[in-house]
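In order of appearance the chains are A, B and C, and numbering begins at 1 in each one.
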Amino acid sequence: MSGLIKSSLARKVVMALSGLFLVIFLVLHVSINLASVISPDFFNEASHFMGYNPIVQYAMQPILIIGVIVHFVMGFVLEAQNRAARGISYVKYQGSANAPWVSRNMIYSGLVILAFLGLHFYDFWVHEMAYKYIEVNPEDPTRYYAETVEKFAPFWRTIIYVISFGLLGLHLWHGFQSSFQSMGVNNKFTPAIKTFTKVFAVVVPLAFAFIALYHHLNPITH
Amino acid sequence: MGILDSKIPSGPLADKWTKHKNEIDLVNPANKRNIDVIVVGTGLAGGSAAATLAELGYNVKTFCYQDSPRRAHSIAAQGGVNAAKNYQGDGDSVYRLFYDTVKGGDYRSREANVHRLAEVSTNIIDQCVAQGVPFAREYGGLLDNRSFGGVLVSRTFYAKGQTGQQLLLGAYAAMNRQIQRGKIKSYTRHEMLDLVLVDGKARGIIARNLVTGEIERHSAHAVVLATGGYGNLFFLSTYCMGANVMAAWKAHKRGAFFANPCFTQIHPTCIPVSGDHQSKLTLMSESLRNDGRIWVPKKIEDAQAIREGKLKPTELVEEDRDYYLERRYPAFGNLVPRDVASRAAKERCDAGYGVNKTGEAVYLDFDAAIMRYGREKALTSGMKNPDDTTVRKLGEEVVEAKYGNLFQMYEKIVDQNPYKTPMMIYPAVHYTMGGLWVDYNLMTTIPGCYAAGEANFSDHGANRLGASALMQGLADGYFVLPYTIGDYLSDDIRTGPISTETPEFDEAEKNVRERIEKLMSASGKHSVDYYHKKLGKIMWNKCGMARNAKELNEAMAEIAALREDFWANVKVTGEPNAKNQELEKAGRVADFLELGELFAMDAFDRNESCGGHFREEYQTPEGEALRDDKNYTYVSAWEYKGDPSKAKLHKEELVYENIEVKTRSYK
Amino acid sequence: MKIYLKIWRQKNAEAKGSMVEYTLEGVESDMSFLEMLDVLNEELISKGEEPVEFDHDCREGICGTCSLMINGRPHGPDSRITVCQLHMRSFNDGDSIVIEPWRAKAFPVIKDLIVDRTAFDRIQQAGGYISVNTSGRPVDANAIPIEKDAADASFNAATCIGCGACVAACKNASAMLFTSAKVSQFALLPQGQVEAADRVLNMVRQMDLEGFGNCTNTGACEIECPKGISLENIARMNREYLAASVKG
């Protein structure tokens, strides 16, 4: 199996699988977030479950973190190899003539997302860890909604989130459908897959952005 | 028998090859491991020969000037490969293929060789399919065939318009397998500059590494030349730019006889020359003549108006058009063989009826076919009274399905839409039937030096039929040469490795170095292309589609003078010890300047018209070729005697025991 | 027409190259792009300078030898053709044209615009064949019927001319389209099945050893391929490779 990772085709598959895994995570994430707009109570319940269920905390969360790390590390490795494979660069190179911008700039959309993840982890995950394990506060199944809405009070944070979701959309626009090609799926269903993935790449980041803006515009008034 | 022993086996024609294979000496597998063979050229003939020789166990070294064996010009063949499979059940047979080829060659090829070619043709298809060559298939999953010019059966196997590339990739794949096994050492970007003889036997070559400029010695027990034809003698041709006669010519100078140099095929359907800058000509597949009608204006003033751009061809009514092939050859019409179609086009253009700027083009018109197909399509789709626009639209769709890629290629080059206005075509040099003289075993007059494919002369006589070049290359390489060479090599099992440190190699390398030095140190007035173009003009005007004694004589003198000028005044830039395309070209043109003279001599000697060789003095009152079987049923094999003009003619009489020699008529 | 050229000049593999500017007058629109370079070279030779070296041979779009990056695109601005089929009518009077060699670590420059593409040969030597001896006597060609669709798909993959435009176009200098076309040609035929697993593993291994980049599915190769080789071939190779790895 280690031989597999040495091959360029296997690296593609690793990118595709880790990417698809993250896509599934996004679905879960956006679903729970949407609850925060529709039903704060349900949002609190779901968040509490995610925060205290041992399977989620000690099995799924590490897997997710590994997934994120693998996807990013492999992304950087591929980028470095690909740059090296060119050797001397062209004086004039018209990349736009034969490939869409998004497909050629996955590294940049990815880097923005990585930076965003830093902020996002700091905002929520670090906060959670501190709440639970450092400050050792008692369980409070009702706190999540208020905390979330509060986060979006500052305009700068909301804007950073919205921009990052835009980049996430671009990343998904190419990456989601590309993962099928990498795993060898290119057949009569491909046009349908492409349509679906592109709708996904628009709808999911839009939903995230909407939630962020919604909370920014609808602060909790005491 | 004299000096030329063709070694044709005795016995009935159909049994000769089998009998010969049973009787020749073989080399046992253990001994093959101790025998080296050099193969120069990696097209269909060279590639397939190298792969087969390596499979048999010989140690093979291949040489090609291209960056990969896969790029040899066999790749450009479009139409197909003939084989007497009779899959269509239309009465084809080995004999019929044999007969068509001999007749098509105007009774100037060797019966036994052609029959063997027809026999092994069926093996070629089996072999290629086993290798994974993706031939066209019918919906039932079986192989498809099409028909080709000049024959009455469908025996041509094809892979769309890329048969040559697919067959070559097959041979290249077979080579790759042997390269991987270590049985073939492939030298790419290498050019053979001389043949080395030891004790009168071919024992190696001097080659130049085209990347570093290094001169290398390579030895072997036998040398196979599969270096293609010499049509680039004409500068403009459908050959690739690098095609050259160097290997064959060097062998000629070392003692290999050169046979029928003047037998050249001029293909009728090529895109005309557009200006002085033209570097090569592009062929449009012969299949276009199945549906296109060839014509020029009937009135000379119309032709002139068209040339000046005052009149469009589409404005000319039927009565003002001269469908000259249909007029002259009612039976075959636009489907006459290549030599006949080419000459007829030249005759009209020479008479002033040419239709492009230079007056050297005729029309190939699809209008009638478009309307015919359109009406047919309308009827089958249930339209009762379709208007002309609808019919035309439907017809254009049918024509596009059949010839779309060719039409597109034409439009790219000429910038005219051939659906709307007739194509312009003109004949161009396409293939050389002549080449190194070989016996039945494909060995030249130098022991141990073999020639295969277009580089030899044996199978096509004075004119080659369509889809026969691929057949011959593969037949020679896969099925003939690898066996016949054993007969010669069986004497070499105790020879051991051939040393390159011998006086013979020293002498050959010294010659090569001196020649390069001489080329680089000429006075430097004109570029290599300047001479090549001049030679091409002489060849085309005086040794081209129609020749006469007076002009051939002039050509010989002019070529000799041009050669002298070349050696005194050519300008070769760059360094000898580095990549240097000018030096590569210079060496090739220098050879052409010698071969050109021999070519003219050969054409001058042959006082008859046959196949691609048309002597104006020898024609019927209707302008058809007049063969002289009594005096010229022979192969002209020229021996080098220090200068092309001193070449000595040897004749191999051709004996027809199985075919009645007749006048070729397509009326 | 008057054309301003910027051409990569490099004396040999070791030398450092640079872009050199030339102005060429009297260019005709009927000229092919390579004939335009011929004219430039004749001018250079008459001035005693070394002509620009570039690879070319058949000049009819089939041998795959010509290989120029023209204004940032392999084989120039037109689609589905090679450089030798490109004509000057695709340019205008006064245009500037930048001409560079293919750029890839696996395609080192030999001189000027000529690169070494033997990496492609080695990929094919690693398994791009069916092991059948020519000296043997195979079965009759029609003994195994092959579905027309499969035969056609195999042919479409086999139309690859090995020019390297896919590598040149790819921002990653990946050779996936080339390798996959070769893998597909055989994978689609029954004759190719026996060795299919080893073939794809060995060819991909060699492809990686040559130092080509990874595929990121930008699709540039498919757009620039003069023969229109489809990305489906890459997917097929991925499938074949995964299946072979799992099996192996």
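Convention: contacts are C-beta pairs under 8 Å (C-beta built on N, C-alpha and C of every residue); 3 or more make two chains touch, one makes a residue touch a chain.
Source: prediction; values computed, not measured.
Once CA atoms are averaged chain by chain and compared with the all-protein CA average, the nearest chain turns out to be C. Chain pair with the highest count of contacting C-beta pairs: B-C. Measuring from the averaged C-alpha position of chain A to that of chain C gives a distance of 37 Å.
Between the CA-based centres of chain B and chain C the separation comes to 26 Å, rounded to the whole angstrom. With centres set at the average Cα position, the gap from chain A to chain B is 62 Å. Listing the residues of chain A that touch chain C in their complex gives 4, 6-13, 78, 81-82, 84-95, 97-100, 103-104, 106, 174, 178, 181-186.
The part of chain C that touches chain B in the complex is made up of residues 11-12, 28-32, 34-35, 38-39, 42, 44-46, 48-51, 53, 55-65, 78, 81, 85, 87, 89, 110-111, 114, 116-118, 120-121, 124-135, 137-142, 144-148, 151-152, 154-155, 158-159, 161-162, 185-186, 189, 191-192. Interface residues of chain B facing chain C in the complex, by the touch rule stated above, are 48, 51-52, 55-56, 66-71, 73, 75-76, 85, 87, 123, 125-132, 134-143, 159-160, 162, 164-166, 169, 172-174, 176-177, 179-180, 186, 188, 211, 238, 240-242, 274-275, 277-280, 282-283, 409, 412-413, 415, 478-479, 482, 524, 527, 529, 571, 573-574, 578-579, 581-582.
Considering their complex, residues 6, 8, 19, 69, 71-73, 77, 98, 100, 103-106, 108, 169, 171-174, 176, 204-205, 207-208, 211-220, 223-224, 231-232, 234-242, 245 of chain C touch chain A.
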